[in-house]
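Both complexes below contain chain A, partnered by chain B and then by chain C.
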Partner chain A sequence: MQTLDLHFMWEAFFIALSGAPITLLITVVALLISIPVGFFFSLVRLNGTPVLDQLCRIYISFVRGTPLIIQIFLIYNVMPILVERFLRSTHSTMSIFDVNPIWYAFLVFSLHTIAILTEVFRSALKTVQKSQLEAAHSVGLSTFAAYRRIIIPQALVTALPNLCNATTNLIKNTSLCYALSLREITLRAKVAANPGYNYIEAYIDIFLVYLIICSLVEYGFKKYEKRLKAYQCISA
Partner chain B sequence: MLKFDFFYLLEQIPKLVPYLDVTFLVLILTLFFGTILGFVLAGWKLGKSLILRKLAYTFTTAMRCTPSIVLLFLVYYGLPALASIFAFDLNDLSKIFFVVTAFSLSFGNVMSEIIRSSYLAVERGQYEAAVSVGLTRFDAFRRIILPQASVVALPNIINSILTLLKEGSLAYTIGLIDVMGKANLLIAMNYEAHALETLLALSFIYWSISIIIENANGLLEQKLSKGRTFIKTV
Partner chain C sequence: MLEVRDIRKAFGNQEVLSGISFSIEKGDVAVILGPSGSGKTTLLRCLEFFEQADSGEVLFDDIDVDLRTVTKEQIKAIRQKTAFVFQNYNLFNNKTALENVLEGLVIGRKIPKKEAESIAKEALDKVGLSDKYDYYPGQLSGGQQQRVGIARAIALSPEIIFFDEPTSALDPELIGEVLTVMRKIAQEGTTMLVVTHEMSFAQDVANKIIFMDGGNIVEEGTPRQIFTEPKEERTRQFLKRMLPEYTYYI
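Here is the complex of A and B:
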């Protein structure tokens, strides 16, 4: 029985950690894209805008009803063909193989997170009573100002725990980027483990790295939640 | 050029559907063992022992931060190594064993949180009232608390079953041949020629199962919500 190779484990930990920036980059980009789009979609769904509402519903149902790994494979199979067609039509000298896989990752995770966040925002906006908007209108605020100053701050309090969940899930899901051969935390550690077959050590390292990142994110959200709640108490 | 063959897509579906039995076997076994684990963990979390409570919460934190694919590989590589210390040989075991173990751990964790929160959602007065009319503690739990708590828990349970179904597709990474694994084999057999059609067929299979489960959930909720007035919804 071989014991754990602690020396390798120590080295691989930093190899895994060096993949963290890519993971965080994908997370941040996906969130930056999907928060405004998701908010817009949730308004579409709440208002029941004729055609858009049905399209949103199908889109959300598909994203939530199929495994993420299949969505990744789908994008990875469809996108190069579309991109190549686009490049050919613009007579670009760029080859399809020059496209960094991180662009596909941005696309997949944004599309995925939009669907998740639409539902989060929708349920959060539902908790704010309609009279709040009417009251804001009656004192002369525009709809935009009413949303910005009255509705969103209140909805954010209920949305925050779900938002935290969505963010940690997103971070965890970036581990599937190995399918795009993107060198993030999981793939880096796995590749480092290949020569010596030290997979157990590598996976313990990966586990630790994700544990640290996710715990930090959760801690940050908890702090922010406390601040928002305190703010709400004073304003109420 | 993008050549999309719709008939090829239709042909793939009957090739994939027979492999759903492995997918569902994993799902059902995981539900069974995960629920047992969930009850144990929830009991620890609500119990009096400080050590067990800390242990259960630490487990929850760790599980929440672990991607399922990492957990799957940790179990797949770690468990045989761990067993070999005690001179057990797990290397010949079926891959289903590792898949079920890994997903039971994460599903059990989710279940423990659902059970805990739905147990707390039932008012304490209900239990006290039940005991005061002469029910034993076990009867009070079985006849009064459990029926009410399960109504609260149901939507969350269905939701996590859906998540489990989707995450179960990752089992192909350790070589389990379920629907996902079979689709991968089909793609590899055709030298990636019709990957898109096969993947779409696969996603339609998953999508329809999800829609069925979701609709069943809606119907069940309607039926069970008769008892809603008794439940304090926080």
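Here is the complex of A and C:
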């Protein structure tokens, strides 16, 4: 019976880990883009802004209703063809096929996370009573100041568990970047496993690397949540 | 000082305010009485612009506002002169008692932090909460929260404070402490417009009673006029229900 090749597993663990920067880079870029945009979209949805609200809704149901891998394939394969045609029609010398695939990853994961966060923020903002805004107005705060100082800090407390969920999902979903031939955690470990056919070892390594990263992220969120909701914890 | 002319407001087909006019002078403590659904709270909310009235006019000192065409700047200017005490306190949940009072001073009125802090502490001391500066609303009783709400209002030294049923959400045993504070600030000459069901406050503290029913002002006058010799039948009926110990011979 074959046993696990522990030596390979040890080495492959670090090979997998060396993909972590790309994973984290995609995660951070996607979050940096989708947090503000998602927040704006959630306000659009809450206010029922005509036209924009309907567009947001359609967009969200597209993202939620289709598998991420298909979104990746579509954007990675179909979009360049369209862009290429457009570029050729304008006689541009730029070639879309030279673009580093990481830009596609930024695009796909941002588009995906915006939709998720829009709903996260929308539900969180709804938990803060409208009367908090009225109270802020009554003491002379502008709507902007009221959101920044009163409403968002309260909404954030409710949003954090879901935000943590969205972040860890995002980290795990970047494993699909193999479809973009991006050398992140999963792809590196799998390539390393190829020659000796040590797939089980490689999968265990991948498992561990994601587990470690996600646990750290979760821990960070827990800490932050605890700090934010200090005002709720102490009871009379 | 504050004059209101012909305010109208409807929610859908339901007309809630059908032409309200009255005026308040500096130092007045005016109490609006009336049965539930008579439009008292809506009137107050329109004056603070939480609701947009359909038509009417508000004259506040030198500011003259047509409610149909009111601008953001006008709303801001009027809010600078007013403060609001809510039925459900509406303290900022994520801020301590002191921070609740500071917020309007520092951010709303742009008063330097140090100066604001001494104003805020003075206001909290006045409502008897000098030992609760650093308590969050969740740690305070209803009566204490409402007193913070009042401190938040008086700290701004507004020209008028609107009170929207400030004791209706309180346990009976906590009502006294809030009324005592209100009485105190009324005696200091604060101009107040109060919606309440507390008859004792209306009788003892107010110098002007406005009785509303069905979106109209039925009758207004001094407490003495309204409580001892009401002119309108509707007022009599209401007072009879609210003050069973009074009997009127017609």
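What we mean here is this: the second predicted complex is superposed on the first by the 218 of 236 C-alpha atoms of A that agree within 3 Å, B and C clash if a C-alpha of one lies under 4 Å from a C-alpha of the other, contacts with A are read in each partner's own complex, and residues count from 1 in each chain.
One rule holds in what follows: a residue touches a chain if its C-beta (ideal position, glycine included) is under 8 Å from a C-beta of that chain, and two chains touch if they have at least 3 such contacts.
In this text, all values refer to a predicted model and were calculated from it rather than measured experimentally.
When the two complexes are overlaid on their common chain A, residue A:A145 makes contact with chain C while staying clear of chain B.
By the touch criterion stated above, A:M94 is placed in contact with neither chain B nor chain C.
More residues of chain A are in touch with B than with the other of chain B and chain C.
In the superposed model, A:F207 lies in contact with chain B only, and not with chain C. After overlaying the two complexes on the shared chain, residue contacts for A:L46 are found with neither chain B nor chain C. Once the two complexes are laid over each other on the shared chain, residue contacts for A:V78 go to chain B alone; chain C is not touched. Of the two partner chains, neither chain B nor chain C is touched by A:I58.
Once the two complexes are laid over each other on the shared chain, residue contacts for A:L68 go to chain B alone; chain C is not touched.
By the document's definition of touching, neither partner reaches A:L32: not chain B, not chain C. Look at A:P153: by the touch rule set out above, it reaches chain C but stays clear of chain B.
Against chain A, the residues of chain B that register as touching in their complex are 1-2, 61-62, 64-71, 73-74, 77-78, 81, 84-85, 162, 166-167, 169-170, 180, 195-196, 199-200, 202-203, 206-207, 209-211, 214.
Across the complex, chain C is touched by residues 129, 131-132, 134-141, 145, 149-150, 153-154, 231-232, 234-236 of chain A. Those residues of chain A whose C-beta lies close enough to touch chain B in the complex are 1, 61-62, 64-71, 73-74, 77-78, 81-82, 85, 168, 172-173, 175-176, 186, 199-200, 203-204, 206-207, 210-211, 213-215, 218.
Across the complex, chain A is touched by residues 48-50, 76, 79-80, 82-84, 86, 88, 90-96, 103-104, 107-109, 136, 138-141, 152, 156 of chain C.
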